[in-house]
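Next come two complexes, and both contain subunit A; in the first it sits with subunit B, in the second with subunit C.
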Partner chain A sequence: MSGAGSTHAAERRLSQLVTVLAFALPVIFVLVPLAIFLVYSFFGVDQGTIVYAPTLGNYVRFFTDPIFLPVFWNTIVLCVSVAVICILLAYPAAYFLTTLKGRWRYALLMLLLVPLLMSYVIKIYAIRSILGLNGFLNKALVALGVLDQPSTLFVFNMNAILLTLSLLLIPFAILPIFLSLERIPQTLLRASDDLGASGLQTFLRITLPLSLPGVASAASFVFVLAIGDFLTPQMVGGISGFTFGRILYSQFGTAYNWPFGAALSVALAIVVIAAILMGERFGRSRGTSV
Partner chain B sequence: MGLKKAFLRLATVGLGIGLMTSAALAANLRVLAWDGYADPDWVKDFTAATGIGVDVVFIGSDDEIWAKIKGSEGQDFDVFAVNTAQLQRYIKADLVSPIDITKLANQKDVLPRFRDLSQVSGDTKDGKVYGIPFCFDSIGLIYDTDKVKPAPTSMSVLWDPAYKGKILAYDNGEHNFSFTALTLGYKDPFNLNEEQMAAVKAKLVELKRNVLSFYTTADEAQQIYQNNDVALIWANYGQQQVKALQKIGAHVAYVNPSEGALAWLDNWVISKGVRDNAAAEKWIDFMLTKKVSGELSERTGFGNTVVESSSAGGNDKLVWLNNVEDPLKRSDMWNEVKATP
Partner chain C sequence: MSQNTDLLTLRSVSKSYGTVPVLHDIDLSIRDGEFLTVLGPSGSGKTTVLRLIGGLEPLSSGEIQLDGQDISRMPINRRPFNTVFQDYALFPHMTVSGNVGYGLSVRHLKRKEIARRVGEALELVQLGRFAERFPAQLSGGQRQRVALARALICQPRLILLDEPLAALDLELRRQMQEFLKSIQREIKTTFLFVTHDQEEAIGMADRICVMQAGHIRQLGTPHELYYKPNCEFVARFFGENNLVAGRLGPVQDGQRPIETALGRLVCSISDQPHLKAAPDGANAFAAFRPEALRLADANDGDNRFSGSIAELAFAGSSTVATIMAGADDAAQRLRLRMPSRIDGSALKSGETVSLCFAPHEGHLVLA
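And now, the complex of A and B:
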C-alpha cells in the first residue's frame, strides 16, 4: 500500500513538473522577451547609450514625425496586396489539388511546398536576377515581342517587393486553403448535384463558403509574414520601396536606438496581432455557422 | 573565406596551446590583428630575424578589439591594430602607450603622405604619436569604362542625369553624409552644422532619385551589376570590390575623386600593458619593411604605407575616416532621405 502510494506521489510530482515546464517555457521564451521589448520602448537614448528613465517620447515621435506614419500605412497596404495576390493564385492551385485522386494529390502538394526547404536569401537573390534588366523576365518579354526593350519596371521598386513577397509566400497560402477544401464532406457536394445545382452553383454556394476559414487564415499568415520582412524590401526595393521593416531594422543596426526600435516593433506587433485575431475570428465564425 | 578564417583561428588556438609551455621560458610578443595583417610566413621571418616569438590572435570587428583590450585594461596584448577613427577612444581611456618613432628606422622611408604623423588625423595627441599607419583603403568610385566617358574625376558624376538609374550607392547614412559633404566642398565632413546637414540631406534626396539601388555587401553589388545596366558604383569596399568585378570580366576602373576620397587607415599601436617595449617596436618596424608591406598589398588588395599601390596614387587626396558628430542623427536623417517620395 505504502509503496503504491509513493509511486502515486512520484507520478503526481512528475506530472506537476511537466505542467510547470509546459507553462514556464512559453512564459520564459515568449512572454518575457515581449515584455522586455515593451519596457524598452519606454526608454530613451542619449549620445549612443540607453537612458533607463521612463518616457513616452518614442511613441510621440512615431505619431508626430512626418516620415513614420505614411511609411507604416504604405507598408500595410503593400502587405494586404501581397495577401490578396497570394490568395488569388493559391486558391485555384489548392482547388486543383483537391480534384486529384489518391497519391498524386499529396505528391503534388509536396512539390508545391519544396521551395520552403530552400534558403530564403538564396530565393531572393534568384528572383532578383530574374527580375533584373538583363534578367530572364525581361529577356522573355522582349523575345515574345511584348516589350520593345528591357524594362526597369520589375526591379528596385514597390512592384518588385510585391512580386517577390508574393512568390515567396504562396506556399503559406496554399496549405491552409487546401486543408479547408479537403475537409468539405463529399456528401454535401453530391447532395447539391442530386438537387440539380450546376457545377458553378455548387462551387459558389457550397465549396467557396466552406473554404473561407482556410482563406482567412491563409490571408492572415501571408500578411503577418510579409509585414515582418525587412530583407526582401532591402534587397529588391531599391530607392522607392522603403518599408516599415527597413526603418525598424535600421534602429537596431546603424542607429543603435533600441528603445525607438522597440516602440516601432510594438506598433508592428499590434497590427500583427490584430491580423491574426481577425483571421481566426473570421475563419471560426464562418466555419461553425454552417 | 569564412572557412579559411575558422581554420586560422583553429590554428591559432592550437599554436597558442603549443606555445604555452615555451611562453614560460621566454615571453612571446602578443599581437592582436585582423586576418591578413600577421601572416604565418611573416611571423616566421620576424622570429628568425629577431629571436622574438610571436603569438597572434585574430579579431573580426572593431567592437571585438575594444572588448579584448578594454576587458584586460591592455594587459593581454603588446601590439594591436586599430583604425584612426577608433584610436582616439583608446588614447582617452589610457589603454595605449606613446611610440618613440626614432626607434622605427623604416618609418623614415614611408610614402610622403604618412611621413609627418601629426598630419595624419587621429594618430597623435598632445604632440605624442600613438599610432603607426600601415594599411589603408579608399572609398572611391568604380565606373564602367564602356559606359562612362570621359572618365569621371569627381563624385558629382553620381548626380549626372545622364546616368539616372545606372548608379549603385551604398546604404549607410554616416558615409553618405560625409562624402556628400566633401562633394559640396565642406572642410570637415565629420562635423557638420545644422545648415550643412540640411543642405547635404537635400543633396542626398537628389542622389536617391538618380540611383538604381542602395547595396550593403560587395557580393550584392556585384550581383546587381551582372543583372542590370550599371555604370557607376560608390565603392565602399574599395580595391577588393574592383578586383572582384574585374575577375568576372567587367570593364571597370577605379578613381579617387578630386574633392577627396573617404578612406580608412589601420595603425599598429602599443598597448598600455606592453611587456617588452623594444620587441613591440621591432614588430612594427618589421611590418614597415618594403617586403612585408608590398606583400600585404599583393595579398589583400589594400594599400600600404611604404610601397605605392592601386588604392591611391601619390597625388590622390584621401580623407581619413573619423567619428562623426552624431551617428544617431545621421542615421535618422538617412531614413528620412529614403522615405522621401
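And now, the complex of A and C:
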C-alpha cells in the first residue's frame, strides 16, 4: 500500500518535472533573450560603452532620423514582393505536383526541396554569377535579342536582392502550398464535377479557396525569412541595395551600438509577429474545417 | 414519368482495374421514376456500377444508354445525373445555401433564381433554418440532407446515392430511409441507391439488384427476392434462410420433391420454369424461411422431420430457435422463428420436436 503510494508520488513528481521543462525550454531559450533585447533597447551608448540608464532615445532616433524609416518601409515592400513572386511561382509548381500520381509526386517534391540542403552562401554566389554582367541571364537575353548589350540591372541593386531572395526562398513556399493542396479530399473535386462545374470552375471555386491557408502560411513564411536576411542583401545588393537587415547588422557589427540595434530589432520583430499573425488569421478565416 | 419506360440501360458493361476485373458483362435497365437499390457485399462491384453511371470512371467495355443514346463517353459534368457521396463531400468553405446552390451557380443562373430554388430545396429537406451555417456546424443527418438537396436541385434525371446512410446511427438511419423514400415519391425522380445492408434495401426499394463478385445475381422486387431467390447466393444473402442440400426428384403438378438428409421435402416451383426444366437428380437446395418452419401436429404429413432444440433466443416480438435436425452424423442447423408469448415459449432447450413446413412456403434453388 505505502509502496504503491510512493510510486505514485514519484510518478507525480516526474510528470511535474516534465511540465516544468516543457515550459522552461521555450522561456529560457526564446522569451528571455527577447526580453533582454527589449530591455537593451531602452539603454544608451556613450563612446562605445553601454549606459545602463533607461531612455527612449533609440526609438526617437528611429522615428526621426530620415535614414531609418524609408529603409524600413522599402524593406517591407521588398519582402512583400518576394513573397508575392514566390507564391506566383510556387503555386503552379505545387499544383502540378499534386496532379502527379504516387511515387513521382514525392520524388519531384524532394527534388524541388534539395536546394535547401545546400550551403546558403554557395547558392548566393551561384545566383550572383548568373545575374552578373557576364552571367547566364545577360548572355541569354542578349542571345535572344531582348537586350543589345549586357545590363547591370540584375546585380548589386534592389532587383538583385529581389530575384535572389525569391529564388532562395521558393522551396519554403512550395511545401506549405503542396501540403494544403494535397489535403483537399478528391471527392470534393469529383462532387464539383458531378454538379456540372468545368475544370476551371472547380479550380477557382473549390481548389483555390481550400488551398488559401497554405498560401497564407507560405507567404508569411517567406516574408519572415526574407525580412530577417542580411547576408543576401550584403552579397548581391551592392551600395544601392540597402535593407533594414543590413542596418541592423551594422549596428551590432561595425557601429557597435547594441541598444540602438536592439531597438531596430524590436521594430523588426513587431513586423514579423504581425506577419505571422496575419498569415495564421487569414489561414483560419474560412476555418470551418471539414 | 411512367415506371415502364427505361431511363438508363447498361449493355454488357465490363470494368477492370489494370488486369483485375471488377464487373463482368453487366446488363441492367433502370426504369424512369423507380427507386432501384443495388445490393451486394463489399467487393461485389456495386459502387463501381454507380461510378460508371455517374461518369466518375470510364468503362472498360460495353455501353451506357440514356433514352437510347450512348452516353459512355459523356464527361461527368455534362451528365444529367447527380451523386450523393458516401462521405457527403460537402464543400467546407461554403455555407449550406452555397453548397446547395453550387450546381446552379456554375450554370450561371440568375442570383434571384438560385436563391429561390435553394430556398425550396432546403424546405424540402427541412433545413430552411440552417441556410447560413457551415457544414462543420451540422450533425451527420443534417449534412446528409444538405448533400441530398445539393444533388436534387439541378433536377437531374437520376440521383445516385453511394451508401449515404452508412455513417449514421441506427435510429437516424431508419428516419433517413423513410425520409429518402418520401422525397423520392414527392419529386418523382429516379433513385439509384447502393448499399450492402439488405434491411435498408427491403425498406426503400421498388426493385433490388443483387450483385456478387462483379455479376448481377438477381433483379426483382423485394418480395420476389425474398420468396423466390434464383440462386444459392441470393437465398443466403437476402434475409435469414434455411437451406438443405439434396437431389431433385420428378416434377409433380407445380411442385417438385428433393431428397435430402431430412428425407423427401416437397417445394413449390410455380412460375419458375428453370426449376421445372432442371433434370432429375440435379443438385439443389430446399429453401424455407425461419418463419415458415413450425412445430408439426398430427395432421401434417408433408415435409416432416424431427430435430432437437439447441438454443432459444428471445428477440422481442419473436423468438428464434436453433435446431439440429436429421441424423447425428449429418445434422442440419436450422432456424425457426415464432411469435413470442408472454407466458414463455412453447419450446424448451434440449427438447426433441417434430417440425414441418408447407410445400407452398418452401422453395428450390439450384446448386
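Operating definition for what follows: the second predicted complex is superposed on the first by the 287 of 290 C-alpha atoms of A that agree within 3 Å, B and C clash if a C-alpha of one lies under 4 Å from a C-alpha of the other, contacts with A are read in each partner's own complex, and residues count from 1 in each chain.
Just so we're on the same page, a residue touches a chain if its C-beta (ideal position, glycine included) is under 8 Å from a C-beta of that chain, and two chains touch if they have at least 3 such contacts.
Just so it is clear, the structure is predicted and the values come from calculations on it, not from any experiment.
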Inset, instruction - Specify the outcome, clash or fit, for subunit B and subunit C once both structures are aligned onto subunit A. - result: fit
Inset, instruction - Report for A:129: first if it touches subunit B alone, second if subunit C alone, otherwise both or neither. - result: first
Inset, instruction - Determine, under the contact definition given at the top, whether A:147 touches first (subunit B), second (subunit C), both, or neither. - result: neither
Inset, instruction - Pick one for A:197: touches subunit B only (first), subunit C only (second), both, or neither. - result: second
Legend entry - Partner chain in contact with A:93 - subunit B first, subunit C second, else both or neither: neither
Inset, instruction - In the three-chain superposition, say which chain, subunit B or subunit C, touches more residues of subunit A. - result: B
Inset, instruction - Using the superposition on chain A described above, determine whether A:187 touches subunit B (first), subunit C (second), both, or neither. - result: second
Legend entry - First (subunit B), second (subunit C), both or neither touched by A:206: second
Legend entry - Partner chain(s) touched by A:80 [first = subunit B, second = subunit C, both, neither]: neither
Inset, instruction - Rounded to the nearest Å, state the minimum C-alpha distance from subunit B to subunit C in the superposed three-chain model. - result: 46
Legend entry - Interfacial residue positions of subunit C with respect to subunit A in the complex: 54-56, 76-78, 81-83, 85, 87, 89, 91-93, 102-103, 106-107, 134-137, 150-151, 154
Legend entry - Touch list for subunit A against partner subunit C, complex: 185, 187-188, 190-198, 201, 205-206, 209-210, 286, 288-290
Legend entry - List of subunit B residues in touch with subunit A within their complex: 165, 171-174, 208-209, 211-214, 216, 220, 223-224, 226-229, 327-328, 331-332, 334-336, 338-339, 341
Inset, instruction - Would you pull the subunit A residues touching subunit B in the complex into a rising list? - result: 45, 48, 67, 70-71, 125, 128-129, 132-135, 152, 155-156, 234-235, 237-240, 242, 246-247, 250, 254-257
